[in-house]
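Here's the structure we're looking at; comments come further down.
Chain nomenclature is as follows: A, B, C and D, assigned in order of appearance, with residue numbering initiated at 1 for each chain independently.
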């Protein structure tokens, strides 16, 4: 049985910092209230909580799709809540996001979808080609390079979404339920991808309600409940031999 | 490299479907309108000021055995009646020598020398823009001189000029209304297409794309769509102009000034087409940028 | 109950955005067009057949001391020259009594009795539809009789009729082209809106909805959008007609026949508006049904 | 520990029957080939298989969104592959489908989305109101009746999709990954809903790759792999005490 351990996280400016952050949508009560959090560079966390707890909302604050009602969000030392609109693209290029509903561009091929963050950042075309190809074969979609998202199965779409999120080696990866549509074997393979990127220095936050998955990794949990965030230690329960097996003999 | 790529769907959205049509209609009508206005202008400046707002009243001479004074009295009565009309600005009795000149083509140089009883002619200048006066004038004059004759041919001609001028204004008006409506429609089309692409644009933004990156793609798209439509409209307009040309040839050159070579007829339509394409593109670009600014 | 509910988004798609505008433009132009055609028709039937394709050639009399035969020879030469022209259908020299009648208003009853040398007048009937002949005619006649005068006023008038007829045809042509283009655009708009709703329609189908259920919702939507646009177009058209009315009043009633009361002017525009709304709705309904049939 | 057992299934015409069914999309190889299957009325099956195996494709054949390339599909004794287009709505009204990507109508409220199948079938409005309200409170969305899908969390959307699928008590319920976006507690509650409907006579087929879920129920599995379908016995592995607990103390 193999349990994945987090790398040592170096000290320094927090990569992600929430200061007294609250979020309330137009018409309702606080979804998130007075959250405080500071994650060191290179951290790896699960974000857990029941359906509707606000996991996606918290990630939205981090990927700048939503402004907090109160408080401030800091990424890599920059207060993004105060940042000028002009400076946001530069910050966003350091982020990689796996959306819960994938958000693939329907009119672009799988290849072009994954290449998007590189193209937007004006990367040279040969580099794009090699990076995207390598990544697509890692997630087992070499045969679907030119397919449109509409013809993919649910799990295939999810893998494209993950590939797009990580293709530009972002400093912070925010993944919303990234293994919800795939079977356990592929899930473990995808987790392996996140672990590799984390070892290379990326901060990772994975929102999930899959307890079996969380249990296999010795990473701390950020638990959302009743609008509040608690940092919990890794789940002690660990499931079995399959995890080793899944990672060593990945299926496509 | 990147700017040639497209992250937006290039077909199937409102803007790319409609803009060519809208621009085509705009260019077509615009072409007709500017050519029409140019033609009307040429016609008007051809007919021009030669014709003033005058009517000639003719008082036939009484039989030779009547007194000379009777003729003079008839003319005076008519002049007085005319002067009383509010629509009449000025009244002038033509001198005999003028009458001779008018009759010369009919009667030869010697008419004045003959003992023929010539009519008296009264030149009546009408108040500018007075309408429906000819009947009033006729009745006023014939009341006092029953056999007076009103020669209103010049007036007819003037009215023809008025009518042409009216068509000119109407053409400009219709062109303006239609152009405005279509420009508005292009704004709507762009907004609709932005709304359709909201999801795509949001993904582009979240991936780190700048506004200019998105707006440029839209503007290029619109430009190409607009030029397509503009070309179509120009071709349709050219056909219509050709038809007008045939019509004009049908009208004798003496009647209508030569319109074939006038500047407006050949230069303005391409300008209209350029204007429409530019209008569409700029409209789209501004609409996109201002909409993008309001997005997260 | 159910038929009043909507499972389709009622705004924000191409069709509901564009159809009102398109129908409005269509009704506006249609209104102008049918009214214009009605007006032209009235004008034409007013001027009508009274004017035939004739030109009068006038051969001035030689000074009295010349021989009588010389005058006759000049007239004969002119007649011969005219008869040789291909564009001339008939030539007739007016009898002296006819000339007297023509001159009567100018010279009184006794002109014929006087010793005045009257010109000879030649009535020339032109071949139907022959154009640009007046110059040819003038040069042919003046070659043989240098001081002959061509009176082409009637021809002018006839050309005026031609021109009006041309405008009438042009109006019809433009109206047809624009209407066709806009009808096509409505088909596109409906298709676009169907494409946008593909997902919604597919869910409705999979939930057990019949085609009629979906198509009826679309048709109603289009009908309401079309009536909105049609009302707008009618109002804009009415304003334009009012402007035309002002113009027409400016032109003396003797020159233009009374157009205010003609049938077309008041009855046709609402018919156009009804036609446009119906066209849009029927187009949408057919487009929807045929598209639905091709879906699973 | 409670293991859910299937009810006795009466004999009779098969509710669902596949005869030698193959499916191939435009440009590829067979996704499904020569499948044969006959499910008696009142059956309850899991449909399993790795990502991209063809689970969604098989369900599409059953809910008439896709015609088989070869073979025939029979529902309740009717050959739907040969049926006229006119007669399809009547058949579809006997089906309830939970789509993998939910397919909620964005412009309709949660209530109207769930009411859709009843409205399409011209059910009386009071009946619609009571049925929809009851169902929405069962799935824990009483507070979101008038919300638009766009403001819902992933798990909330999924519950709306399930409510819409079962609201008209369909004779055949086809659910594609119906618990992929919710936590275990809600998943068990949703499964309970399917079990109740099954007891009332509905046929149920649930496509899933969640092995932990499958393991808790003593229902047979239809396993898709390499384009072929195998009927397997219930998974012998069963997880733990939580299942009881989850069902008896449901969380919202």
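The working rule: contacts are C-beta pairs under 8 Å (C-beta built on N, C-alpha and C of every residue); 3 or more make two chains touch, one makes a residue touch a chain.
It should be emphasised that the depicted structure is a prediction, and the values quoted were computed from it without experimental measurement.
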Chains touching both chain A and chain C: B, D
Chain whose average C-alpha position is farthest from chain A's own: C
For chain C paired with chain D, centre-to-centre distance based on mean C-alpha positions, whole Å: 66
Computed distance of Cα centres, chain C from chain B, in Å: 16
Residues within chain D bordering two or more other chains: none
Shared interface positions of chain B, touching two or more other chains: none
Chain contact topology (line, ring, star, complete or other): ring
All pairs of touching chains, each written as two labels joined by a dash: A-B, A-D, B-C, C-D
Residue ranges of chain D touching chain C (in the complex, touch as defined): 63-67, 85, 89-90, 92-93, 95, 97, 103, 105-108, 116-117, 119-122, 125
Interface residues, chain B side, partner chain C - complex: 12-14, 17-18, 21, 24-25, 28-29, 32, 58, 60-61, 63-64, 103, 105-108, 110-111, 114-119, 129, 131-135, 149, 152-153, 155-156, 159-160, 162-163, 166-167, 169-170, 173-174, 177-178, 181-182, 184-185, 188-189, 192, 195-196, 236, 240, 243-244, 247-256
Touching residues (chain side chain A, partner chain D) in the complex: 25, 50-52, 55-56, 100-101, 151, 153-156, 159, 176-177, 180-186, 209, 211-212, 251
Chain D-touching residues of chain C, taken from the complex the two chains share: 1-2, 5, 7-9, 199-200, 202-210, 213, 293, 296
